[in-house]
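Each structure below appears as structure tokens.
Paired with subunit B in one complex and with subunit C in the other, subunit A is shared by the two complexes that follow.
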Partner chain A sequence: MSLLRYTLWRLAQAIPVLIGIVTITFFLANQIPGDPVEIMLGATPAQEQVEAIRARYGLDRPIHVRYLTYLSGVATGDLGLSIYYDRPVLEMILLRLPVTLLLMLSAFAFAIVTAIPLGVISAKRRNEPADHVSRIVSLIGVSTPSFWIGLVLIIVFAFHLGWFPARGLILPWADPADVRGAATRLEVIRQSAHHLFLPMISLGTLQMAQITRIERSSMVDSLQGEYVTLARAYGVPESTIVRKHAFQVAQLPVITIIGLGLSTALGGAVLTETVFEIQGMGRLIITAINNQDYELIMGTTLVFGFVYVIGVIITDVTYSYLDPRVTYGDD
Partner chain B sequence: MAINDTTDIDDTTDVGDGSADGDDAGEIESRVGIRYTLKQVRHDTTARIGIYIVGFMTFVAAFAAVDYYLLDYAIAEAVWYNPETDPDRVERLLPPVGMENQFGQGVLEHPLGTDHRGRDLLGRVVYGTRVAMTVGFMATTIGLTGGTLIGAVSGYYGGWIDDVLQRATETVYAIPFLVLVIAFMTAFGRDLRFAMIGVGITAIPVFNRLIRSRVVSIREEDYIEAARAAGVKDRNIILRHVIPNSFAPVLVQATLQVGVSILIVAGLSFLGFGAQPPTPSWGQMLSVSRGYMLPAPTFSVFPGIAILITVIGFNILGDGLQDALDPRINN
Partner chain C sequence: MSEPLLSVENLKTQFFTEDGTVRAVDGISFDVHEGEIVGLVGESGAGKSVATSSLLRLVESPGEIVGGEITFKGRTLFGLEEDANGELRPRDDMLSEEEMRREIRGREIAIIFQDPMESLNPVFTVGGQLREFIELNRDLSEKEAKREAIDMLREVGIPAPETRYDEYPHQFSGGMRQRVLIAMALACQPDLIIADEPTTALDVTVEGQILEMVKELQTKYDTSFIWVTHDMSVVAEICDRVNVMYLGEIIEHATVDDLFYDTKHPYTRALLDSMPRPDETVHELNPIEGVMPEAIDPPAGCRFHSRCPDAREVCREVHPEPRDLADEGEPTHRAACVKYDAFDVGYDESRPIEGDAAGGFGAGLTRTGGEE
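So, the complex of A and B:
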């Protein structure tokens, strides 16, 4: 099977999982106690008003009809109406999703860029001081709650030193006219990076620590491989061995751990967005929950699941692209 | 649990006899089971440090639990504070002893200072240990039990049972777990019980995978074949051979999972899901402290350090167990 066909096959496999996610979120959302219409109209609304709203949002129909309607809606890209915002759910999500994706991608970029050198150095200088430092850093990294890192970063770098802003996020492609103190595109990008820095570290530290640990153990294994011994016997310089022979093979487990880390990072985004008051998907789901906005809760949960599934597929495809031993879809 | 009399076959020997029987030497000591594990752990420095930290935290949690459930804060009040009710003499947001902020000077009776309602911070942090440890252990127990059952049944029987169970857990796994728990708690209840259950459910796929892969490989072993031939029931084979032989990796994973659960529940409490005030929990304390980061930064620091130390304890212990139990890494 070619890589393209493998990719399509993986995408097709995701469909039942996505239907499963829709089902779980739909029935969870329907378990929520309380009446969204009541929240919307106050405690003593007029009867016809209630019925009009119920009919508008389809709340007057039986549950299985609503489930099937919702499912077919999702298939056509219609996620319903947000009662709280009085706008289509999809519109709200498309507004917020780029913010969360930007945060996620920068966090992973930060994690990969710092973790790989750390892990390699650690493996190369096994049981030397550099290794101990790197191991302690990654141990603390996997043991610290991301939101607390955010709080400490705000206290130190925003309040105490005043180097970075404590809240908000600016998209690099935002219109310069909408961004305060920015006249040019370059200014917008600079401000965006400035705002992104602390949340990126807050969200990326856990991933950094996990990748470092895997990179280290994977490199240690790889450096003990027979091909490395052979290369050494041929007199290949040690730096070339590390860079070429050992490094490439060692990256496969790292890709796996990045895929697995996506779930944690998406959850972490909810926390990071709360700490830094960033209006992304995480804040959207919390707002939806606090206002019992069924459709918005379902929509955001579904999109979180969707982003994760797509992320896992991307890592799987990358994996099989990099590892010639993988035969596509034989099982 | 009814024990089938045919299981007498292995009653005279340790659970690990199977793997030793596979090799022909009679002298090989058992490499699985609790006794072997404990022996190995005693020789591993990292694991020992982990045990000390976890032991200390368990002690603190037990102290708080005894004081809370049996003595009605007698000990806490004897040292003048009650961690859950407002004190008579309100000294809000005092800094730790030896420090100074706009609210006053740190005093020895409040070594870590006071919170926004004048309650002793050390007392709250100590009482938070009870919540964290309970939640960590309970959530892990739920995940372990559920995951073991599903994984063992799935791996042992294979076929369509395997397919259905695995697709179901994969779907649960496809929703980022923090988002899943939030949706779950919105549906069923925001208090600590549902946090434990929710986090427990998200841990099921982890243990399921681990157990299932072990079971699939163990299923083909000769001694399982022998047990089956001797007429041992499937249920007893799973309970008495398959699960005990998966003991080592499960123990490692469970230890790490307690730490992960504590982190997730802290995150949930930070978002307002989980322990509700006035019950002191670290996540909820951090959530409140966000409002006072500028005037009283130390309020945000200590609950976070408590989380960090506890989770580090479980991580070190888990890593140590892994090193101790993996014969490949010995020395």
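So, the complex of A and C:
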């Protein structure tokens, strides 16, 4: 099987997973005690009003009918209507998802760009001062909650030093007319990066620390491999051995941890968005749950599930690309 | 005889561990002449592999070469001298680490490791790895190196080398991978190849084929070999001269015929006796008693005395250096055992050792008898 066919096959396999997510979320959300209409209209609403609203959002039909209607809606790209916002769920998601994706991707970019060199240096200079520093930094990183890091960053860099804004996020592709104090595209991008910096560090630190630890131990292993000894015995320069011979083998567990990190980063994004008052998916899902907005809960959960599944697929595909011993599941 | 290609004098390599200093290689001397296969034989832990990695100065921390001299084609691979304060420092003519890497490793001395499963990098193609080393050590272009690699794969008996070139190590069997490693060594056209138990991990039929092939290619390319093994039958098959190692020392050195037909050292004798033979059952096997002591705290006197059937009191006290025991005009035959007249330390008058090796069983019986 080729890499392309393998990727398509993995994507097809994701469909049942997503149906599972929809099903479980649907019935769970409907089991939560309370009533969205009650939340919307207060404790003593008029009977006609309640019925009109129930009819408008389809809440008057039996649960299995609502479930099947919802499933067929999802299949055609219709995620229903948000009770709280009174707008299509899809519209809300398309508004918020780019914000969260921008935050997550920049956090991962930050984590990977810092962690991989740090881990490699640490492994290469094992038990030397550079290694101790990197190990202490990564130990602190894995054991510190991201919201706490966020709060400390805000206190130090936003309030005391005033270097970075404490709240909000601007998308780099936003219309300059909508961004205060920005006349050109370049200005918007600059402001966007400025706003992004603290949340990125806050969300990325845990990932950075985890990747550093795995990179280090994996490189230590790989540098002790017989193939590294062989390369040394054939006069390969040490820098080539680290960069090529040891490095590529060592990246397999790192890829796995990055893929798994995607799921923890989704959770981290919820907290980071709350701390930095960013209007992303994380805050959307919290609003949905607080207001028992069924369709919005399901829509956001489905998107989170989808991002997670995509993360796993990317991990698997990268893995089989890097490691020739991994077959494409056809033996 | 002409100048040897490689000459090792009193080489000492030690490992500085928390438990103490491990004297893995403790003053060995041997040489290798052009076009010959010299064996280095001994049990696991005798220091064979440390000795060979010392030759390339590839001993890793906490190990360190602490003394001796290694000369290869007139160049000093390792050598120390005393400075004004009496401290040891590298001699001026000793090659630098960079010179070792550029001019010796791979280019002049290549190595074949024991485990063909682990020696090849799993994420690169076999051909790519071969080509990289050829490019590096023969200054060829990528294209020429590839052609050379394919030719060499064919030479070591890999069928369809053009296709196999692009395959990964996991697609090769153990024997095929070992052929790849041999091709790697030969393709760099070194003057000396160190083969560190290259057939130990293979099954016997494959081992036979590989030994046969190496002999052929050795004649064709006239490369010298140091063949490290613990298997006396491999020694008989392939070596011209043999060095037998025990606990960091070379205790016997002879031509392969002399070693088998005129064995001097009791340890070599014991090694030969412990070889399984088709006309003996398992019960008739004659293994060497006991285990080799730790190199961290070697026994005083002769290091083999604790397991030696011929050991006498004098063996506990006198540490023998190998001496030439050959008759006038015969090839050198060195052994380090005081039972030979050349040593003259009073072996004949000395009493046999009382203790575990010699009288343990009997002593136990006597004691039981006394209690009754």
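Please note the rule applied: the second predicted complex is superposed on the first by the 330 of 331 C-alpha atoms of A that agree within 3 Å, B and C clash if a C-alpha of one lies under 4 Å from a C-alpha of the other, contacts with A are read in each partner's own complex, and residues count from 1 in each chain.
Convention: a contact is a pair of C-beta atoms (placed from the backbone, for glycine too) under 8 Å apart; a residue touches a chain by one contact, two chains touch by 3 or more.
In this text, all values refer to a predicted model and were calculated from it rather than measured experimentally.
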Subunit C versus subunit B on the shared subunit A, clash or fit after superposition: fit
Comparing the two partners subunit B and subunit C, which touches a greater set of residues in subunit A: B
Subunit B versus subunit C as contact partner of A:L322, first or second or both or neither: second
First (subunit B), second (subunit C), both or neither touched by A:V309: first
Subunit B versus subunit C as contact partner of A:H245, first or second or both or neither: second
First (subunit B), second (subunit C), both or neither touched by A:R232: second
Which superposed partner A:G73 touches (first subunit B, second subunit C, both, neither): neither
First (subunit B), second (subunit C), both or neither touched by A:L28: first
Touching partner for A:L151 - first (subunit B), second (subunit C), both, neither: first
Arrangement angle, subunit B at one end, subunit C at the other, subunit A at the vertex (C-alpha, nearest 10°): 70
Minimum distance between Cα atoms of subunit B and subunit C in the superposition (Å): 10
Set intersection of subunit A contacts, subunit C complex versus subunit B complex: none
Contact set on subunit B toward subunit A in their complex: 167-168, 170-180, 182-184, 186-188, 259, 263-264, 266-267, 270-271, 283, 286, 289-290, 293-294, 297, 300-301, 303-304, 307-308, 311-312, 315-316, 319
Residue ranges of subunit A touching subunit B (in the complex, touch as defined): 16-18, 20-21, 24-25, 28-32, 139-140, 142-148, 151-152, 154-155, 159-160, 262-264, 266-268, 270-271, 274-275, 285-286, 289, 297, 300-301, 304-305, 308-309, 312
Touching residues on subunit C, where the partner in the complex is subunit A: 56, 58, 101-102, 104-107, 110-111, 113, 115, 118-125, 132-133, 136-137, 168, 170, 181, 184, 188
Interfacial residue positions of subunit A with respect to subunit C in the complex: 225-227, 229-237, 245, 248-249, 322-325
